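What follows is a set of notes on a single structure, which appears directly below.
Each chain carries a letter (A, B, C, D and E) given by its place in the written order, and its residues are counted from 1.
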């Protein structure tokens, strides 16, 4: 059952990602990307990351992609006349490199996993299902809050500084006169 | 336990994202392909978090924050470029040329 | 832990609430002076009441360990765990009483003093904020919290020195204080880093408990830590070489000078050393440095005070000098003596400043009434004021007798104890006899310049001006009331810690024992025979009497001319008036060479000449040259870059997967 | 009723938005409970009961007739002359006695703007606009009223504006 | 299939069906209420012809929309043009899934014809899905709801629609922040994001409207913006944008937009009820909170009572939405942005700090989370609300650009 749902979401995600990359219109690309993000959210739920799934929808689909759409519409790039795709040579190169990368990563994953996808190594600290149990006990938010605000407090604070810098930068860039 | 398959899917997604960056000329679309790559990595983190602990999910949290910052600044840059060049096609944008 | 001690956060929270309320009022309704006074004085009064309760609870507990009230974790980072925690022990209890008690009196005084000022609400907001930070400083149970208070009081000091910021000199004085304090703070921070590195903690109890294990007595680490801590203290407590900001800080309102620059903030350095007395006890060299700097400062500042005309400047240098005594005390390891002098000094110096404020207030009003622009702080414009201001004159006389060390008054006991402890340490090293001598001379000068101040201000003929005399009058009761209370404290404050030769002796000494015991463990026992002690007491009496008598004999207020007509000083007098030209020396020795170094050497030669031409521009030229060669690779198109990037990544991955 | 304009000064200082909002909500709520002014049209009409039309309402036309049932119109031609919409078609005729009468008298109610000038100008008080509004038809042609139809109308006629009674009471 | 799985599926199917039907019927009722309410407030009667009291008017309108001609503008992006209303509608419908609408029913173990033995262990929560992410789900999905509107505006190939779509996306992003920030306080109080837990927490303490009044006010304001209701209905602003994003839509595709708007309206009301007004909790009584172990008339009655109370509370907020719509005029766009970014967001952030401090202090004092806890928080809230209301009222905050600078050039 879980496998079926997993491969369903994965298939949708991959197909939508491909379409996102290959559609001519920027709006269509963005929408296919949104679909990919949704499928990924589904995958996250299957992988016991409910909170991340919600945030994925909230931040990625709900905020970042809306921002992308907003800019596309603002610049009226929705219907690009000539394609912004590269020529046949470029497409060939892109496909070649993409496939090459996919193969290499795939191989890498197989190596790291000890020769097969199904094999579960005992090197990991958590037994199967443990994370789901923790999530059940502490709540989806509580499970993340603990490491986030204890172990990763400094990165968290630095992220806030980064966001502040981004805000300032965006304002400076977007405002003609300050 | 869907760790292996998830890692495989993530690898494919990442490759698609890289291909997209190579394939497209529209700056915004390239941006979206970068987002795709980030998401592929997120999938890896979440998949591994199943066996390594919730810290993996915390990293995803940071990736998202960085992605949000990147989107804000990147789109602002694209807007600024568009204001000058009337285009977001990267072939028209070669300010880096020496 | 007695339950009342749990409420210690209230002591801190009350002034903060006062600051918030007054700050809000100063923004939205600055004219609501009645409400501002009620909030400003009320919160500090409430804090004082809570403090009394806490001290009672503490006294009842007879605890040998400090009570630490942890409010919450502030910085839980890996090994570093900093809590917002307050430490209530005998030492902080003393400081609490001084800060809230004297602070309360000065708040009350300010109600009268600042009445006519437009910035009334802002003033009280700052004052409350200061009390808040000062309480954080004395209550902090670890170095970072103490540092928060430490920086906070510095900030408030800056804000209040530059309170009348529309005059450039005032704003400059604020900046000067701020910058000088930064030098010291850097030392404090470095000391903190060392401490954390060595002991792995910043909480007082843990650091002091671990210190004997991780440090060798007299070792380089502990000495460095202690010296860096002391560098922080010299900044905050205006010791040589960082003392010059304090006289300039007199640009602020006089009650501020009394509270911040006499009674509380500047004593923070003494408090810090008392707090970390374990560390200083383990670093005897550092202790000697502290004592030496203290003694030299005491004498140095006293000489400058001899010839100042500005009444507040005299008191400022006097403060520097008295702070030197405190450092002498804590430097020789007599923590209780140093703290004793801190407490008594808080009483009589606050009183002196407030009295001076009352005088300035009166003169200012007088000149204001006749529209003359004379310096209301110059003693040459005063004289004979006791006729119009009998209360102020008499309480200030009491304070003068106290600071001069006339027997029976509080200053006599505290100063004598510091000197006696120094003398007692003389058998360890002859240096301490020298320090004792320096201190004794400074005490003589103290008696002299204080008597001079009183003579010129309150005795002899009046030099204010005929028209103005009619406008000089005693301050309202809200100003004289605190003066009277402080006068009473200045007189009887000595009973806190009577010398051993008297009955009921050494109360404060015993009270502080739980805090100082750990440090005393590392110090050789010092003891004075009763005979020596009597002799020292007698000598102190003689010194005080000599100073006062000399001033009375040699100074003739009748010959003095008002500031506008006074002739220029010459010779030694001028040297003293210009404060040994220290500001100028600093300017010549440090500021100008620094500016020259950074301007000519570092900027023009090193930066522009060497780094820019060779390093920056050179590398740029090299890069450009290479770029010209490599520019066929650089299309400027992101796509190309990405292509090469991906190819590179592929190759790397290839390498990674082939194992 | 004359229109009185209440001039509101624009608030300069201390605008109370919250109070204004709550006040507005109170107003709407009070109207919620107030009697409604809707006329339930097919069941209720303006002619009867609570609702009434002004007697100066100008609806579709009506031609008055004399005792013999002939139109009062003498085909003087004033009404087509004055009609601003040019919607009256009049072809005069003359009988053997020399009386003029309308051979054709048609009003295109589609074009009519119901200004009432025809009634005002008519020397014989023959043509009138009427207090009537239920004039729906199934064919467009039916909106051209001929003489016969105009005479057959029975609804009350509109009263003209009387300077001595400006509010029509 | 095990009996447990069968039971789960059966219960889920029934609940989904129930919620779906209830929502659609609710929409019809709400539209009727809106139209009648609008009429009454304007001293009219509103639709009263079709069916008793005009109740069937909406059915008639729906039928009309179904059989009307579908017009697609020239050069519109046909796929997205068709997709957009569906996106709006679906996202609006999904939202209700996590809202508990009644006290849990007891477990059952019965043998049914055709199905065989059907078992449900543990009480049956009356919500479609008690997701662990709770109200985050609602925020997330409602942030996605903007796609329908934005894409509708873009796909229509009309400048008015495009402007409406742009406005919608900017407005939604802006108010989402205020919405999310105000909910953090609820999270602080309840300690969980699951809505069932939040209802339970409110039964323990007091309704969060008392314990977090300011958060409620901000959520309510943001809810107006999120549902595109007056006074924040700038995306459709018929006066300036001739109906904005749905200007080019007709027939059933058009009808989807108002439908989804009203579904969102109901969901928002239910959401506010759940977060701040105790959900299905009946105030001042505890009998509704004791879970029944077995089926009995009492258990069913209890659940029905709570569901009715929930319905009543929700309806009240629906009514408030209607009421406000017919009272207030539309904001100017800069005022909207001003309110969102410079008033609501800073206030929400400051409020989080204050409430977090309060919660921390209460925790330190060791006060149990019961009604006293709530009362203390209420006392904390009263001056805060007074201060904010006073500030909003006096400082002309809402006026936005108070002093207009003359245009240059």
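We take it that a residue touches a chain if its C-beta (ideal position, glycine included) is under 8 Å from a C-beta of that chain, and two chains touch if they have at least 3 such contacts.
Note that the structure is a prediction, hence the values are computed from the model and not measured.
Counted as hops between touching chains, the shortest connection from chain B to chain E is 2.
By the count of C-beta pairs in contact, the leading chain pair is A-B.
Averaging C-alpha coordinates per chain and comparing to chain D, the farthest chain turns out to be C.
Distances from each chain's CA mean to the overall CA mean are smallest for chain E. Of all chains, the one whose Cα centroid sits at the greatest distance from that of chain E is C.
Chain centres here are Cα averages; for chain A and chain E they lie 28 Å apart.
Centre-to-centre separation of chain B and chain D, using mean CA positions: 71 Å. Centroid to centroid, with C-alpha atoms defining each point, chain B and chain C lie 55 Å apart. For the pair chain A and chain B, the distance between C-alpha centroids works out to 7 Å. Among all residues of chain A, those that touch two or more other chains are 51, 55, 63, 67, 74, 86, 90, 93, 97, 101, 105, 108. The multi-chain contact residues of chain C, meaning those touching 2 or more other chains, are 639, 643, 646.
Interface residues of chain E facing chain A in the complex, by the touch rule stated above, are 77, 80, 131-134, 136-137, 139-141, 143-144, 146-147, 150-151, 153-154, 162, 165-166, 169-170, 172-173, 176, 180, 187, 191-194, 197.
By the touch criterion given at the top, residues 624, 627-628, 631, 634-639, 642-643, 646 of chain C touch chain B in their complex. Against chain A, in their complex, chain B makes its touches with residues 1-9, 11-20, 22-26, 28-29, 31-33, 35-36, 39, 42-43, 46-47, 49-55, 57-58, 60-62, 64-73, 75-80, 82, 88-89. Across the complex, chain A meets chain B through its residues 2-3, 6-7, 10, 13-14, 17-18, 20-22, 26, 29-30, 33, 36-37, 40, 43-44, 46-49, 51-52, 55-56, 59-60, 63-64, 67-68, 71-72, 74-75, 77, 80, 84-86, 90-91, 93-95, 97-99, 101-102, 105-106, 108-109, 112-113, 116-120, 124-126, 128, 131, 134, 143-144, 146-148, 151-152, 155-156, 159, 162-163, 165-167, 169-170, 173-174. Note for the complex: chain C touches chain A at residues 76-77, 639, 643, 646-647, 649-650, 653-654, 656-657, 659.
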